[in-house]
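We just call them A, B and C in the order they show up, numbering each chain from 1.
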Amino acid sequence: MEKLSPRRRAYDRTMHVLLWLAGGVTCALLVFMIGYIFFRGVPNLTWPLLSGQTSYLKDTIGILPNIVNTLYIILVAMVIVLPIGVGAAIYLTEYATSHKLVSVIEFATESLAGIPSIIYGLVGMLIFVQFMNLQNGILAGGLTLVIMILPTIVRTTQESLKTVPQSYREGALALGSGKWHMVRTVVLPGAVDGIVTGCILAVGRIVGESAALLYTAGFGLVLNDFVSALHSSSATLTVALYIYANERGETAVAFAIATILMLMTLVINLAAVFAGRRLKKQ
Amino acid sequence: MDSILSVKDLNLWYGDHQALRSINVEIPANEITALIGPSGCGKSTFLKTLNRMNDLVPGVRITGEVNFQKRNIYDPAVDVTGLRRRIGMVFQKANPFPMSIYDNVAYGPRTYGVRSRAKLDEIVEKSLQAAAIWEEVKDRLKASALGLSGGQQQRLCIARALAVEPEVLLMDESTSALDPISTSKIEDLAVELKSKYTVVMVTHNMQQAARVSDKTAFFLLGEMVEFGGTEQMFSAPTDKRTEDYITGRFG
Amino acid sequence: MRTHFDEQLEQLHLELIRMGALCEDAISAAAKALLEQDAALADKAREAEEEIDRAESDVERLCLQLLLRQQPVAKDLREISSALKMISDLERIGDQAADIAELSGYVADASDTGRTHIGDMARATIAMVTDSVDSFVKRDLELARSVCAADDRVDALFEDVKREIIRLISTDSSKGELALDLLMVAKYFERIGDHATNVAEWVEYSLTGVHKINN
C-alpha cells in the first residue's frame, strides 16, 4: 500500500481538527449555559422562595403560585388536547377514506406547528379572553395551548399509529373484530409508546411556553385554588421569570426559576425516553 | 358433492381495472381447494372476496354472488364480522399480535364475548392442539408470540383463526415465507384440518397444490380458466393455458 | 421457457424412437431367420436384443433424472411416465424377438403350411410394432388406436396356428417337439402383439391423458 501524500495528510488532519473544534464549541456552550444557570440559580433556591407567595405588604417573594399554575395549565391543556388530538389522529389514519382530505389536514397541522407562539397568544386573547369573555386565567391560557400543541399531538399520534403494521389490522379484522374493537385492542396498544412520548414532549412545550400565555393566562402572582385560577390572571413559571427579570429586576429570582425550569425540562425529557423504552419492551 | 361456497358470476373492479371476470365455481366442503396462477391473476383477490376482506380496499366494486351455505355474503343485511368469524383467514406473512401466545389465541373468542377464564383456557389449548403447536408452546403461553420462529408463528396464526371455530379457512400463500420443514408441517396440518373445515388456499408453489389439494382452480388475467380435481389438473388439464402454465411454458 | 427441459424431452423422444427402431429390426430379423432359415439373421436379432437392453437402461435413467429434477406435470408427466412404461414393453419385445431367433433353428423342418400362418402372424405383429412406434414418433392418436384393433387379428391368427399345430400332431405324432417349438414361436408373436398394444396404449395416454385400463 502506498502511503498518503504529505499534502493529503495535512488536509486530513486540518479537517479533523476543525470538526473537533465545532463539536467542542457546541459542547462548551451547552456546559457553560447549564453551569452558569446553576451557578447563579442554585444559591437562590431557598425554601421560602419555593413555598411562599409574593407580597408587597410583607415584602416577600415566593414562586409557589407559579409552580401551582404551571401544573394547573398542564392539567387543563392535556385533559382537553388528549382526547381531541388522539381522536383526530385515529380518525385520520384509521377511518378517513378520502386521501385528499387527509393530506390537506396533515398539511394544515404541519403548517400550524410552525407558527410563532406569540401569534397563538394573540389569537387566544382575541377569541378566548375577549370574544368568549373567559378573562385572563388558566382556562384561556390552557385553551390557547390546546390550539398550539394540538398539531403536535395529532402528528405524533398519527406517526405512531402508522408504525403499527397493517398485518395486525388485517389479522384482527379477519378474526371478525369490528373496526373500533380492532383499533382499541390491537392498534392503540401498539401505538401507545409513541402517543405517550408525544404527550410528554407536549408537556415539555407547555412548561417552556411563555409568549402564548402572556396575553391569555395573565401575570397574576397570587395563589388560587384550581377553580378560581381558571378565571383569574395566573402567571406560570416562565411568565413569572419574565416578570421578575424584566419588570422587577429580581435577577436572582429569575435564575432560581430558570434552574427549576431546566430541572423540569430534564425530568420531562428523561421521562419521555424512559416511557418510550419501557412501553416498547412490552 | 356438497358445496359450501357457491360463487355465481362474480366480477370485481379496483377502480377501472377489472380484476375478476365472471367467476363461477362451487367450492366443496371438507376438501382443500388450491388457487393457482401467475402473479396478478386475481387468485388472492378472489380468496379475499370469500370473507369480504376486499371491503377494506378503497375503490373496490363487486357484482355477482358469493353464496356461503346458500346465503349471499354480499347481501347488505349480512353481518361482515359474523361472516369473518365463520370464514377465517391466514395470511402470507405470519401476523401474530404483539401479545402473549395465550392472548393471541384468545383474541377472537374474547372479541365474541367469552370472558370465563376456564372456557378461554379450554379454547386456547384445543386450538393450539388443532394447529399442532401445543406441545411446543404449552410451557410458555404467557411469553410473547413474537419470540416464536416463523413457522411457529404461522401455526399460531392458524390456531388463532381456529379459536373462533370457523367453517372455512382461507390461506393466502401461508407457507411462502417458510422453510421446507415448517412448510410441510403446515401442509400436513391443512390435510388434517379438512375433516372438520373447508380449506381454500392460494399458492405459488405448484408442487404444494399438487401435494395437498383435492381441487385446483387455475386463474389467468382475472378469469378462472379451469377448475377440477387436482390429479386430473396436473396430469391432463383440459385447457391449453393451464397446461402451459403448470408445465412452465407460460407466455 | 424451460429450454433445457425441452431439449432433454426431445432427447428422450429420440432415444425412444431409436429403441423402437431396434425392436423393429430385432423382430423382423427374427421373423426372417425363422421363415428363411438364415442363421446370420438370428445372430443379428440377438445383437439387437442386447442393444435394446442398453437403450432401456439409458432411457430409464433419463426418465428418472427428469422426474427428479424437473418435477414434470401434465403433458410432460404423461410423456415421461409413458416412456417409462413403454420401454419395458419394448424390452420384452426385444427379448421375445431373440427367443424367436433362438427357436428358428429348431423349426427348420416345419412344413410350408405350418409356417404360412406363423408368417402371417409375423407380418401382422411386425406391422403392429412398426405402427406403435410410428404413432409415438408422429404423435398420431388414430394410428395408436389402430394398433389396439390390430391385436384382435393377431389373436385370431394365433387360434389358427394352434389349430394347425393340433392337426400336425394328430397326423404325425413324431413331430411333437417341432409342434411345441412352433407353438412357442406363435406364442411369442402373440405376446409381441400384446406388448405392441401396450405401447400404443401408453402413446394414447401420453397424448390424451386417458389410459384404456383406467377406464
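The definition used in the following text is that contacts are C-beta pairs under 8 Å (C-beta built on N, C-alpha and C of every residue); 3 or more make two chains touch, one makes a residue touch a chain.
As the structure is a prediction and not an experimental result, all values here were calculated from the model.
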- Give me the chains shared as neighbours by subunit A and subunit C. B
- Message: If I average the Cα coordinates per chain and compare with the overall Cα mean, which chain comes out closest?
- Response: B
- Message: If I average the CA coordinates per chain, which chain comes out farthest from subunit C?
- Response: A
- Task: Please compute the C-alpha centroid of subunit A, do the same for subunit C, then give the distance between them in whole Å.
- Result: 94
- Taking each chain's centre as the mean of its CA atoms, how far is subunit B from subunit C in angstrom? 51
- Length of the line joining the C-alpha centres of subunit A and subunit B, rounded to whole Å: 48
- Across the complex, what residues on subunit B touch subunit A? 51, 53, 56, 58, 81-85, 88-89, 91, 93, 95-99, 107-108, 111-112, 157, 160-161, 164
- Touch list for subunit A against partner subunit B, complex: 97, 165, 167-168, 170-178, 181, 185-186, 189-190
- Message: Under the stated contact criterion, what part of subunit B meets subunit C in this complex?
- Response: 206-207, 210, 232, 234-237, 242-243, 246-251
- Note on the structure: As the complex stands, subunit C meets subunit B at residues 1-2, 5, 71-78, 208-210
